[in-house]
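Listed below are the structures to be examined.
Shared between the two complexes below is chain A, which pairs with chain B and chain C, respectively.
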Partner chain A sequence: MSAAFRYEFLMQVRKRSMWVAYGVIVLLLGLLSFRTLGDVLHDPVAKETVASIAFLVNLILPVGYGCFLADRLVRDDRLGVAAVLDATPASTAGRLAGKYLGACAAAAIPLAIVHFGFAGLYAAVAGRPVALGWAVALFAVVIVPALLFVGAFALVVPLFVPAPLFRVLFVGYWFWGNAIYPGSMPTLSQSLVSPIGGYPLQVMFGYPGGDVEIAGPVPGALLNFLRPEATTATAWLSIGVLLALAALVLSAAPALRARTTR
Partner chain B sequence: MDLWRYEVRRAGWAALLTPPVATAALVLVALLDGGADTDRTTARNLIAALEMAMPLAAGVGAASLVGRDPAVELQLTVPTSYRSTLLRRLVVTLGWAALLAVLVVAGLAATGWWERWPGTHGVVAGQLVWLSPTLCLGGLGFLAGAAFRGPAAAGGLITTLWLLDQVLASALQEQYWQRLLYLFATTRGAVPGDWAANRFTLLVAALAFGAVAWLLLGRGERLLRGEAE
Partner chain C sequence: MRIEIARLTKTYKGKVPALDGLDLTVPTGMFGLLGANGAGKTTLMRILAGLLRPTGGEVRIGGHDVTTGSGRQAVQRVLGYLPQDLGVYPDLSAREFLDYIGLLKGIDDRATRRRRVGELLEVVALTADADRRLRGYSGGMRRRVGIAQALLADPRLLIVDEPTAGLDPEERIRFRTLLSQLAGERTVLLSTHIVDDIAQTCRELAVLAKGRLVFRGTVDDLTRRAEGRVWSVVTAGPAPVGGTVVSALPAEGGGLRYRVVAQSPPTPDAEPLAPTLEDGYLALAQGRPAPAVPAR
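Showing the complex of A and B:
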C-alpha cells in the first residue's frame, strides 16, 4: 500500500498539466474577485473570513480535481499494466487504498497551497495570525472530507461510465447538488450528503453568518429528511456520512474492475 | 468520405451519448420547478439547458481528443497529417452537438416554448444561443487538450470554467469585457443589448483558440512525449 501511495502521489504531483490548469483557474478566480479582495483582507472577523475562503475553494476546485482523478484507476487497464500489477504479491485492496490515498494526497497539495496561501495573506494583511489556526481546522473538517468523497467517486465511476461522460455528469451534479437553493427545485444541497460541507461551515465556523443558512431544513423543500437541524452533532454526522459513502464506493471497485477486465 | 465515416464510428457510444445525456439532465432540471414557475421562467430554463449543456458536452468532448491514440507514432508517419485527423474528430464532436442542438431548437419552436422567452432573437439568429458558447468552449477544450497533451487537465479546466460561469454569474456582469466573454448571456446576461457583441466575441475567441491549437498540434514531436502521468 505504501509503495502504491508513493508512486501514485509522485505521478500526480509531477504532472505539469495539473499545475498549469490550477494556475489558470486560480488566476481567473483572483481576477474575478480582485475588486472585493481588499475588503476581504481587511475584514476583522478571522474565523468567518477564512471560512469564506474554504467555502470558495470547496465550491470551485473539486470539479477540477474530480476531473483530474477520473482516469487514475482506468489508466492501469488502458496502459495494459493492470494484469502485471495483479500478478504482484501486493494485495488488490492494499494497492487500491494506496492509489486512492496517494491520488487524493496529491490533489490536496494545490488545494492546500490555494487555501493556506489566501489564509496566510489575510493573516499578514489583517494582522490576525489566528487565521492560520482556523485555516488548518477548516482544511481538516471541510476540504479533506470533500476531497475523499469526490476522490472515491472519481476513481470508481469511470470503471463503468467513460471518463469524458463522467466529467460532464460530475460538473452537472456538483452544481445541482451543492449550489442550487433547495426551495427552487429538488436538490441534495444543504443536506448531510452535500460534500461542500455546509454543516461544519455553518455550525463550527459561523459561515455565512446573519440569517443566511447553507445547511439544515428548508421550508417546503423536498428531501428535507436529509436535512436535520444544523448542530455540532449533525455536522460530525455529515462528515461521517461523506466518509462512509466514500468507503462504500471504494469497496465496490474490485468487483467492478473484475467485471470490466474480464 | 470513408475517413469521416470511420471517425464517427471511432468516436464510440460514450462520445455520442454525452451531448444528449447532458441536455436531458438539464432539461429535467429545468422542468423540476415544483410547479411554482411561470411559463416564461420554464421557457428560459429550457433554453438555458440548451445554452449550458451543449458547450459543456462539446468542450469536454473536444478536450478528450488528444492523448488517447494508442499509436501516435504510427499516425505521424501516414500521409494525412495527424492534426488534420484531430481536426476531423473535432468537427465530428461539434457537428454531433450541433445536430442535436438544431433538433432541440426545432422541438422548442414547434411546441411554442422558443417564443415564450423574449431573449431568443427568432429561430435563425437564435441559433447563436448555443452555437457561440459551444464553439468557444469546444475551441478552448481543443486548445487545452493540445497544450496539456491529455484529457484529464484539459477536462478539469473546461468543467471548472463552466462552473465559474454558473456560480459567479452576477459578478461576471459587472464590466463590459466580462459580459462580452460570458458564456450564458442569453439566459443569465444582465444587459440584453450586449447579446450580439457577446455572441460575436465568443465566435472570434473560438477561432483564435482553434488557430493556436492548430499551431501547437503542428509540432508532432510534442505529442510523442504523451501526457506526463
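Showing the complex of A and C:
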C-alpha cells in the first residue's frame, strides 16, 4: 500500500494542469471576495470566520478535485500498466487503498493551501492564532470526509462510465446535491449524505450562525428522512455515513475492474 | 520451475474459445511459443501470469495451482512478466518506475532495490536516461524499461510476450542473449512472432493455432517438418503458386529468386534448399486443415 501511495501521490502532484486549474479557481474566488476580504480578516470571531472559509473551500474546490481524480484508476488499463502491476504479488486491495489515498492526498494539497493559507493570514491580521487550531479541526472533520467521499466515487465510477462523462455528471451532481435549497426542488442538500459537511459545520463550529441552517429538516422538502435534526450525534453520523459510503464504493472497484478486464 | 497445463480452456464472453482444451508441459529452461495472431499465445501468457482466470482446465506452476488466489500469489512472487502491450507512467522517470515495481514485487530494502534498479538500467542501456520522464521515451526505450521491470526481483519464472518488438537489431540480439543467459535454472517462456528469436534461443518449443496445441518438440523437429519441401525458384514472371513464398530476392541476371515452401517442386526447375525453423513453421501450417467456413 505504501508503494502505491508514494508513487500515486508523486504522479498526481506533478500534474501541472491540476495546479493551473486550481490557480484559476482561487484567483476567481479571490477577485469575487476581494471587497469583503478586509472585513473578514478583521472579524473577531475566529471559529466562525475560519468555518466560513472551510465552507467556501468545500463548496467550490471539490468540483476540480473530483474531476482531477476521475482517470486515476482507469488510466492503468488505458496506459497498459495494469498488466505489470497485476502480475506482482502485491495485494489488489492494498494497491487500491494506496492509489486512492495517495491520489486523494496529492489532489487535496491545493485545497489545504487555500484553507490553511487563509487561516494563517487571518490569524496574523486579526491577531487570533487560535484560528490555526480551528482550521486544523475544520479540515479534519469537514473537508477530509468530503474529499474521501468524492475521491472514492471519482476513482470507481469511471470504471463503468467514461471519465469525461463522469466529470460532467459530477459537476451537475455537486451543485444539485450541495448548493440547492431543499425547499425549491428535491435534492440531497442539507442531508446526512451531503459531503459539503453541513451537519459538522453547523453543530460543531456554529456556522453559519443566526437563524440560517445548512443541515437538518426543511419544512415541505422531499427526502427529509435523510435530514434528521442537527445534533452532535447526527454530525458524527453524517461523517460516518460519508466515510462508509466511500469504503463501500471502493470495495466494489476490484469486481468492477475484473468485469472489464477478464 | 515446471509448468503443467491440462485441458485448459478460455472463452471470452460471446466469442470463440481463445484456448480450447490445451495440454502442454513446459520444463525448466528456455521454451518458445509460436503461433499466428489469435492463436491464443497472449491469453495463455496472461493466465500463467495470474491476470486471467481460465474457463476450465488446470494450470500448475512449480506445483502451485494458479487458478486459486494463494497459488496465483505464490507464482507471482517468483514471476517476471513482460506483457505484449506494455505501458509506463509518463509522469515517472525510468528509475522511479522501476523502483515502484520493485516495491510491489516485495524488494523492501531500499539499498537492495536501488542497486538492483541501477544494475538493470545498465543492462538495458538506459543509465544515461534513467532520470528523464518516461513521457519522452521512444517505443524501443519503453520496451527496454519493460524488460528491466520483468527482471527486477530475479524471477525464477520469466514470461515474455513479444519481447523484442520495437527493438533495433542490436538490442534484439542483446536481449536474446540475456534471456539465454537467464535460463539455466529458471523457466523462460518466450512468446513471439519472430521465428528467428526462437531459433536463436530455444531448444524446445510449442506451436499454437486457434487455441490448440499443434506442435510440441524441439527446434530441430519442427525444422525437419520442412525437409524436402523448401525450394528455390528463379523467375521473371509471376510468383510461384501452390506453396508459401518465404522470401523474394533480386536474382543475378534478372528476375526474382523465390524461397518457397511447398509439398512438391512449384516449377520443373525448382532447386531444393535446406530448411530453417521458419520453413518448418510454414510447413506445419500447410499441413493443418484449413479453418472451417461457416455455411451461409
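Definition applied: the second predicted complex is superposed on the first by the 262 of 262 C-alpha atoms of A that agree within 3 Å, B and C clash if a C-alpha of one lies under 4 Å from a C-alpha of the other, contacts with A are read in each partner's own complex, and residues count from 1 in each chain.
Assume a contact is a pair of C-beta atoms (placed from the backbone, for glycine too) under 8 Å apart; a residue touches a chain by one contact, two chains touch by 3 or more.
Just so we're clear, the structure is a prediction, and the values are computed from it rather than from any experiment.
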item: Which of chain B and chain C A:C67 touches, first, second, both or neither; value: first
item: Chain B versus chain C as contact partner of A:V171, first or second or both or neither; value: first
item: Touched partner set for A:R14, first chain B, second chain C, both or neither; value: both
item: Touching partner for A:E213 - first (chain B), second (chain C), both, neither; value: neither
item: Partner chain in contact with A:L85 - chain B first, chain C second, else both or neither; value: second
item: Partner chain in contact with A:D43 - chain B first, chain C second, else both or neither; value: neither
item: Chain touching more of chain A, residue-wise (chain B, chain C); value: B
item: Contacts on chain A seen with chain B and repeated with chain C across the two complexes; value: 11, 14-15
item: List of chain A residues in touch with chain C within their complex; value: 2-4, 6-7, 10-11, 14-15, 78-81, 83-90, 95, 261-262
item: Interfacial residue positions of chain C with respect to chain A in the complex; value: 46, 49-53, 73, 76-77, 79, 81, 83, 85-92, 96, 100-101, 103-106, 146, 149
item: Complex contact set, residues of chain B against chain A; value: 12, 14-15, 17-18, 21-22, 25-26, 29, 32-34, 56-57, 60-61, 63-64, 144, 147-157, 159-164, 166-168, 171-172, 174, 178, 227-229
item: Residue ranges of chain A in contact with chain B within the complex; value: 11, 14-18, 20-21, 24-25, 28-29, 32-33, 35, 59-61, 63-68, 70-71, 75, 161-165, 167-172, 174-176, 179, 184-186, 222
